[in-house]
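Some structures are shown below for you to check.
The following pair of complexes shares a single chain, subunit A, combined with subunit B in the former and subunit C in the latter.
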Partner chain A sequence: MDIARWILGLFLAVVMNTSALAENPKDQIKQTTDRILSILTDPSHRGAAKAEERRKLIRKAVDERFDWEEMAQRALGIHWSKRTPEEKKEFVRLFEDLLARAYMDKIEGYSGERIVYAGEIIDGDRARANVKIVTSRNREIPLEYRLLKKGSQWLVYDISIEGVSLVNNYRTQFNSIILKSGYEDLVKKLKEKRSLEEKKEAKS
Partner chain B sequence: MKINQWILVLSGVILTVIHSLVFASPPISSPSAENPSLTFGPAKPDQQAAISVPSQSPAGAVEEPVEAIADPLEPVNRVFFQFNDKLYFWVLKPVATGYKAVFPEPVRVGVKNFFSNVTTPIRFVNCLLQGNFRGAGNETVRLMLNSTLGLAGFLDPAKKELKIEKQEEDFGQTLGVWGIGPLLYIEWPILGASSARDSVGYVGDLALDPRTYLIASVPANLGVRSYEEINDHSLTLGEYEDLKKAAVDPYVAKRDAFNQYRQNKIKERGKTPQPPASRREPQGFPSVQAGLQELTKDRSSFYSF
Partner chain C sequence: MKKFDVELAVGVFVLAGLVCLGYLSIKLGKMEMVGGKGYELNALFPNVGGLKTGSPIVIAGVEVGRVKSIALENYQARVSISLPHDVKIQEDAIASIKTKGLIGEKYIEITPGGSEKILKPGSQIHETQPPVDLEELISKFVFGKI
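And then the complex of A and B:
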């Protein structure tokens, strides 16, 4: 047990070291993905008792690769600039939580799918990296990461699955709610959603 | 009624609805930014301003502009959305889950392949209508190979052995390639997410579907289609749940996902009337286009969630 932890620690140290070396968006995506996969497949993190710890580690890996603020800002679109700094902060947190909840289950449902790195397009400080998830039955799910360069890091600001951009989808939803019943109502709905999911999690 | 008559009546109804919407005065669409006025073809930038201004930064080659879909029928659509939601959770999901428990995945994929093989004429004709002659050729080869070596279409040796991909084309996309916009969103009961354009496309596809003529009895025809629906659902269980879990307003999330998905399919085909990357293409250098084409695939069941 202790040895396993020690090995993981060493592994993470190695991964973090190499993360300084990788420069291409594709390689950086691959690093984060590999890191998450190593958490998922690590026997010392298996089982329901370790769920909390496992989720924390995954969340940390995702946080380092995703630019939540950029995502939240894009999802709010024209309504972003009208918000006060406190509102922005609160909104980023709510949005981050919503996404992390929705996709943690997907990540944890990993069952040996192959991940193929299909290519990348770089245009100045923006890039797309294409990834295919291949299931055991050879069904392919194409994913596209859209990234923005900040320093030496490429950070994800959108994910597109078969042409459906996540941020665009949220922007349409948020815009529709704000136009109908205002920003406060959107925040209320996000909070309601969060407490609902928290209750569901507590049950299971 | 014979199925042909049924199609005629349906298309008549749809055309009437569209006609009344387009020529109704004043325009039905609300002046709010959420519903830009009805447009054929690409909407003008100013109509979309409120929705498609994603950020302050200039859009490079990486950005993809998305046009919002008008939704003047929203109150009715929401009612049918609730209906379809219940239909899924109360009927489709339990039935598909039971079906899934009995038949292993290879069998269900085989059934899907079989239906897909039968409906080759839809994809073949639409490839031609879009000027995608290689695509039409690929569909022909696929039909011949899969009907014989593929045991009446249950297997897909054309894809497996020769990497000849299915050309996921329908008449709605053809109309889109010809420059007709989605016009407005329609949530049909049972059939699910669609647009005015794609509803007309659906009728066109029915006319090209050999099953429309081979199974002339309406109850038998509906039976076959319902079975196909259950089979498709058994392969995509959980996807609708995921959409709902991630959404703040599931109705708008579904509408937008449908809109983006269709726009993307039309754009990819409109620009590149070519088959996806295959083994026969020159090897050795990664082509961006091949990578992008690789991204559109096999999701014909999207209509039905």
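And then the complex of A and C:
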């Protein structure tokens, strides 16, 4: 009887610890980052020929950690509520594309930088996780991820680099474009940017 | 009789001067004589870098409120701001501490968000950005990292 209870206790402790380990925002970010790094450094995925496949895998890993709709809504700010459901869907896709491509460019330039996971602050269903990227020249780039808990997953809705928020940056730009030339013009600009990037990718 | 008139005139003149002085100092000091009409919100910053009580709150370049108080809370700064009732702040609005010019006074800029939830009086603005520390940037540029 005692041994059975002891074994059950040990079993529960292990199970709860492992599931608790993967529940922290810091650990979930580490999981995603490790996955992306392994795709980048995998010899079977190297080379220009494998570029598209590599990008697809990285994109999939990023999709699981980033809440694109939340980011798009925050970036569009006061103009979000005026959009129709179709416009909202279209905008989320365009914004996701814009960010994923920018992110992809930076990721593909990875050349062995060290990633240091610093502290994290959890406040209910909100969290902030600090990460440092240490370059080969020992330059430190501080990154702060802001996450919201949705179910068991912590999803990123903003990134601050050197104290500058990505969402705030786009919010200011989008706001000024919309006020100057309208929402349709913003969509046009985003679509133009996308086709430009697609052409670049096709060439490489 | 004459002396009395002159003294009266001087007295009235001094009184008028004091009233003007009082009016001027109140106007310039921007004191709210009629209770504070508005509501309060608060935000937590890891660093406020020289923000003071009375520093302005700016939205779209327009000064809409003031910093009411700054207190140290758990080695972070809890800033309380007062805003007029007709200025609504969304749940995902971002409050950043900026500098007028490059080395001027500090102020809080709020960019409105896209959430439908409006912050009720007394609630917290969660999205904050600390000020960019010029000295820190210069030292990073000049000295780099060993």
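As a convention for this text, the second predicted complex is superposed on the first by the 183 of 204 C-alpha atoms of A that agree within 3 Å, B and C clash if a C-alpha of one lies under 4 Å from a C-alpha of the other, contacts with A are read in each partner's own complex, and residues count from 1 in each chain.
Going forward, a contact is a pair of C-beta atoms (placed from the backbone, for glycine too) under 8 Å apart; a residue touches a chain by one contact, two chains touch by 3 or more.
Computed from a predicted structure; not experimentally measured.
Annotation: superposed three-chain arrangement on subunit A; subunit B versus subunit C shows a clash. Of the two partner chains, neither subunit B nor subunit C is touched by A:198. In the superposition on chain A, A:164 contacts both subunit B and subunit C. Within the superposed three-chain model, A:76 lies in touch with subunit C and out of touch with subunit B [touch as defined at top]. Comparing subunit C and subunit B on the residues of subunit A they touch gives the larger count to B.
Touch criterion met: A:172 reaches subunit B and subunit C at once. Touch criterion met: A:119 reaches subunit B, while subunit C stays clear of it. Contact with subunit B, but none with subunit C, is seen for A:190 once the two complexes are overlaid on the shared chain.
Among 58-66, 184-192 or 274-282, the region of subunit B with C-alpha atoms clashing against subunit C is 58-66. Comparing which residues of subunit A touch subunit B with which touch subunit C, the overlap comprises 73-74, 77-78, 126, 137, 139-140, 146, 160, 162-165, 167-168, 171-172, 175. On subunit A, the positions that touch subunit C within their shared complex are 73-81, 126, 137-140, 146, 158, 160, 162-165, 167-168, 171-172, 175. Chain contact summary for the complex, subunit A toward subunit B: residues 73-74, 77-78, 98-99, 101-103, 105-106, 118-119, 121, 123-124, 126-128, 130, 132, 137, 139-140, 142, 144, 146, 160, 162-165, 167-177, 179-180, 186, 189-190, 193, 197. Residues 90, 92, 94, 96, 111-116, 126-127, 129-130, 132, 144-146 of subunit C touch subunit A in their complex.
If you check the complex, the residues on subunit B that touch subunit A are 32-34, 50-51, 53-55, 60-64, 66, 68, 105-106, 109, 242, 245-249, 252-253, 255-257, 260-261, 263-265, 268, 286, 288, 291-292, 294-299.
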